[in-house]
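Dropping the structures in below, format is structure tokens.
Common to both upcoming complexes is chain A, partnered first by chain B, then by chain C.
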Partner chain A sequence: MTNASPSLAHAPHHGRVLQPASAFISRAAAHVGTRAVGLLLPLAVLYLWQTAVDREWVAIQLLPPAELVWQSLRDLWQSGDLTSNLAVSLSRIGWSVLIGSAIGWLLGFLIGLSRTARAYLYPSFEVFSQFPVIGWIPLLIIFLGIDEALKIAAISMAVIVPVTVATFKGIENIPTRLLEVARVYCFTPRQLLLRVVLPAALPSLFSGFRQGIMQAWLTLVFVELLASSEGIGYLMVWGRQLMQLDLVFVGLIVIGVVGLILDLSLRRLEACLQDWRHDNKQEQK
Partner chain B sequence: MKNTAKKLSWLLGALALLQLTAPVAQAEEKPKEIRIAFSGAGAGGRPLAGGSSLATAHLRGALEEEFKKDGIKIKWYFNVGAGPATNEQFANKLIDFASHGDLPLIVGRSTGLRHKLILGQGRFGETTFVVPANSEAKTLADLKGKKIGVTKGTSGQLTLNRVLERNGFTERDFKLVSLDAATIKAALATGDIDGALTTPYDLIARGVAKILFKIDRDSTLTSVSNFWVGEEFEKKYPDLVQRVVTAIVKEAKWSSDENNRTELLKMWARQGTTTYLDYAESWKAYKLKERVSPLLDEYYVNRIQKSIDEVKHFKLARRDVDINGWIEPKYLNVALKELKLEHYWDEYDKDGNIKK
Partner chain C sequence: MNVIYTFLRRDWRGLALPLALFALWYAATAFEWVNIKLIVPPEKVLEAGLRYMSGKDFTEALSNSLFRDLSGFALGGIAGILLGLAMGLSRWTEHLVGPTFNTLKHISLFAWLPLISTWLGTDDRAKILFIALCAFYPVALNTFEGVRNIPRAQLEVARVYRFTRWQSLTRLTLPGAAPQILTGLHLALIYAWMGTIGAEFLLLNSGPGLGDTVIKGRQAFNVELIIFGMLSIGLIGALFNRLAAHAETKLLAWRGHRV
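So, the complex of A and B:
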């Protein structure tokens, strides 16, 4: 009982210090609240992972402890293996996005601008877009072998569909009044394309491009799991073959993080583009 | 206080009694099945194997015959994913016995898998580097930066590393593409890879590949194949382990008999990846006895130790492996005595020469 009095005496003092602090914390908590809630699930997964390792629910050979994964991630980063494999993967993405979106834009513009092209091409394109890329791979292997060409072709195919659809829809959704105005002013086809169609369809073009890149990233890993000698997917296969499952986890983490960065930065770019277009409109008024 | 002590001693006594009776209570019921894995499968994944006494035992139904009277089923696994898949399977406690090449065996051991090596499954042989028929390469150096096919994580990778090192190269000088055994042959035929270690004779007969170089007989290059039992199973059913080993040694004897050569090689060829022609040509320089030997002699032990060292040297495993206590020859010795085969197979010294 005697012990209680000093702490009581101190209590008001503590209270005064705590009040602003707690207010700050609660404000901060409110600020990050929504994000913090989002962290709960990953933390729970991490906890479950650790528990599974501690209690050996899964053999240690198959479920490596989180520290080991972290350690391997750092080792791979320091030895440069991670960056070199990532560079290979990203260059595959680069080429595929270049080829895939070029074809996608071309198709999208053709279908969007010409009724004839649309009548001829669109039904076939719709059928084509129903096939998952993975379904094409056995056929592609026969014609392209197992080399780089296969990977680029397969990833490009994944890019073509969203880019074409977004381009086509973007053009289709251009308000008819804009086109009417253009007709009134007797725009040449070139003027029509550069002054009306392109600016109006730009946001959908870009959003198709973004979806294309994300599709490419998702397809990449699958394609690299097939015969390859470099890349992030290859790193994962290698880890599994030598029973270093931590490498598989490192691969997963890298894929997730890079995918997230790609998506966030492209969204950001898209938002900037929207703003710029908005500003332009304001000026024009 | 005295009362508590009395109670405690009662409790301790009861516990001690339980301890004594426990082993008796859980002893020796027989398993429903014995699960055995091959670290490989036939062409297109067909459930067949070749090239070892275990394959002969499977093809001739020797183990099924041995355990029929006990009502124990033999469950065979043919792992398309080869040796690495066998490791995953064992870590998941899905198998009791397996045949395994040296690299995945050592990699598995380095991650803490507990098994005992109880039987040799094959040794020696020729090592052939094969290229597509239209290849212009004259030496290995001409293939620098080109694609070499290998099943990563299998003994083939370790052998390839040895061959490369002898020629002054490492894996990094080439593009290594991981493919399974059947696909390596197909990829050589289509020119999708520029070279691989494999048996070439069927491909040559079809005119789609040729030999870049061949190393005929080199006991320091070829690895030994292995057969192990999981420690848990061994502890529980040592008598069953003995019967499995004895049955396989009997098949090793049959597989070593030159009178059976054609029949044996035809039987092994049924898995489809290594054809009869491949076997006939690549085994013709050897007596069957030399290659099929189940012995765990000095040569066997030394090869395993060498492979352990090489796995470390080529950085293919993270932790070291200790050979002490890993090899358990007692089942083999009992089998040899029982079958009166003690002197049937020659013992080799550590360098691969017959001991006098």
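So, the complex of A and C:
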């Protein structure tokens, strides 16, 4: 039972508090109760939705019945349209995250490690980071057209900013005593990088990576809505143009679910990373 | 004297990169290394910008965009603070609304636009609603966390002194959560501006605005106008960011250096 308690006992916002086994049963009961309360609102919305459709409060073009949305979701899934569009979107994300975080890490390490690089690069980067990425897109369209290159470039730009900032902050916040120890032991630059800087900055690196992916997801949907002929955003534009709002709802659901999965899995990974670091520290003591 | 001294002492190395890029841009267009219809010379951008700024279109576009941005920000900010407070102060509200809120926030913001534009059209109402949505999430989240992170000891003191609900709200909760609420508002300002530009890009022919200017420039292949529009969008974004950072330090000055 105690094995199960950490996963069950912490509700989304309660942090990681381990409960003693005795308190577990009452907690679990309360937990099921609170979960049920959380379902009330979506159920109420669904009920309202259904009533609105049944009594024809609004035109069916403006509010498709919930079953139709579900039906379209299943149809699109079974015909493979959904998965193929989703695959296109996800591969765009993948490439952009790869390119964007590579550049971001490079920049972050340069700025974090070298004072000279920082003096030359950081002011420009700071100005660049304050420009909304989507403001660049029309200019990118002129140079790159509206094909894959545009999407990859725009999404990569969205990834670069958070990754660079987190990398550079992570390196900057390495405790000076660690660096002093390294100096006392006469570490070579390579050793300094691999044994001190990287492990110490790792959580920050990862957190930047996570933020980068979330920004990429935001920008992806924007670019696909603006200009694309495939992808999950395109599915929504298409549905909107045909006035088939069920497709728009399907798009919303899929985008929400993918966002949720991305966020939760990255957070889980990040937590594992923190634990691993923590364990290492304990061992060293 | 002092001014000159600080002027000389400033680190000017940061200017090297922008100047080099600018010089490259200038040289590339002046010697026609590139197609100057595609990469327009800087002086043309300046010229187009000046011409555009002196006309009535610019002030109209700018004021329209700012109006949308700020009304969306205000609406979303207020709604966010209210929901954040409600979820932070009452467990019951948190259990009721929290799961839905936490699920919906994962829907990438722009995905709402096709739905909003079908329901409300492409006029200002739709845009302001969308901008408000962009501003809403960061404020609600940060307010909630700010309220939750108020130390237990302080809550107990309030109970010992038998604070009324109003007193504990105005003297403990709001001041205690102020730094986080302001962080949320700062983020909301950035997101609202992004939402303003994004909505103007995506909802075509929906009245003047800075984003609309840029899109029109793209349709007419008017690269000067695109670059000028982009620069003004970026500058306003940067300006908002500066103002917000400044306001944050000013408003939190009473807390001393604990922030």
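Basically, the second predicted complex is superposed on the first by the 229 of 285 C-alpha atoms of A that agree within 3 Å, B and C clash if a C-alpha of one lies under 4 Å from a C-alpha of the other, contacts with A are read in each partner's own complex, and residues count from 1 in each chain.
The rule is simple: a contact is a pair of C-beta atoms (placed from the backbone, for glycine too) under 8 Å apart; a residue touches a chain by one contact, two chains touch by 3 or more.
Treat the numbers as computed from the prediction; the structure is a model and nothing was measured.
Asks: On the A-aligned overlay, A:Ile255 touches which partner chain: chain B = first, chain C = second, or both, or neither?
Replies: A:Ile255 contacts chain C only, not chain B.
Asks: More residues of chain A in touch with chain C or with chain B?
Replies: Answer, by number of touched residues of chain A: C.
Asks: I'd like to know which partner A:Arg240 touches here: chain B for first, chain C for second, both or neither.
Replies: both
Asks: Should A:Val127 be classified as contacting the first partner (chain B), the second (chain C), both, or neither?
Replies: The answer is second: A:Val127 touches chain C but not chain B.
Asks: Of the two partner chains, chain B (first) and chain C (second), which one does A:Gly145 touch, if any: first, second, both, or neither?
Replies: A:Gly145: touches chain B, not chain C.
Asks: In the overlay, answer first, second, both or neither for which of chain B and chain C A:Ile60 touches.
Replies: first
Asks: So in the superposed three-chain picture, is A:Gly94 touching just chain B, just chain C, both, or none of them (first/second/both/neither)?
Replies: neither
Asks: Which holds for A:Gly80: it touches chain B only (first), chain C only (second), both, or neither?
Replies: Neither partner.
Asks: Could you tell me if A:Phe222 is touching chain B, chain C, both of them or neither one (first, second, both, neither)?
Replies: second
Asks: Counting contacts the way the document defines them, which residues of chain A are shared by the two interfaces, the one with chain B and the one with chain C?
Replies: On chain A, the overlap between the chain B and chain C contacts is residues 62, 237, 240, 243.
Asks: Contact residues on chain A for chain C in the complex?
Replies: 12-13, 34-35, 37-42, 62, 116, 119-124, 127, 130-139, 141-143, 217-218, 220-222, 225-226, 233, 236-237, 239-240, 243, 245, 248-249, 251-252, 255-257, 259-260, 263
Asks: Chain A touches which residues of chain B in the complex?
Replies: 84, 87-88, 91-93, 104, 107-108, 110-113, 147, 152-153, 175-179, 183, 187, 190-192, 316-318
Asks: Taking the complex as given, what residues does chain A use to touch chain B?
Replies: Those in contact with chain B are residues 59-62, 145-147, 227-230, 237-238, 240-244.
Asks: Tell me, which parts of chain C touch chain A in their complex?
Replies: Residue list for chain C touching chain A: 11, 13-18, 38, 92, 94-100, 102-104, 106-115, 117-119, 148, 190, 193-194, 197-198, 201-202, 214-215, 217-218, 221, 223, 226-227, 229-230, 233-234, 237-238, 241.
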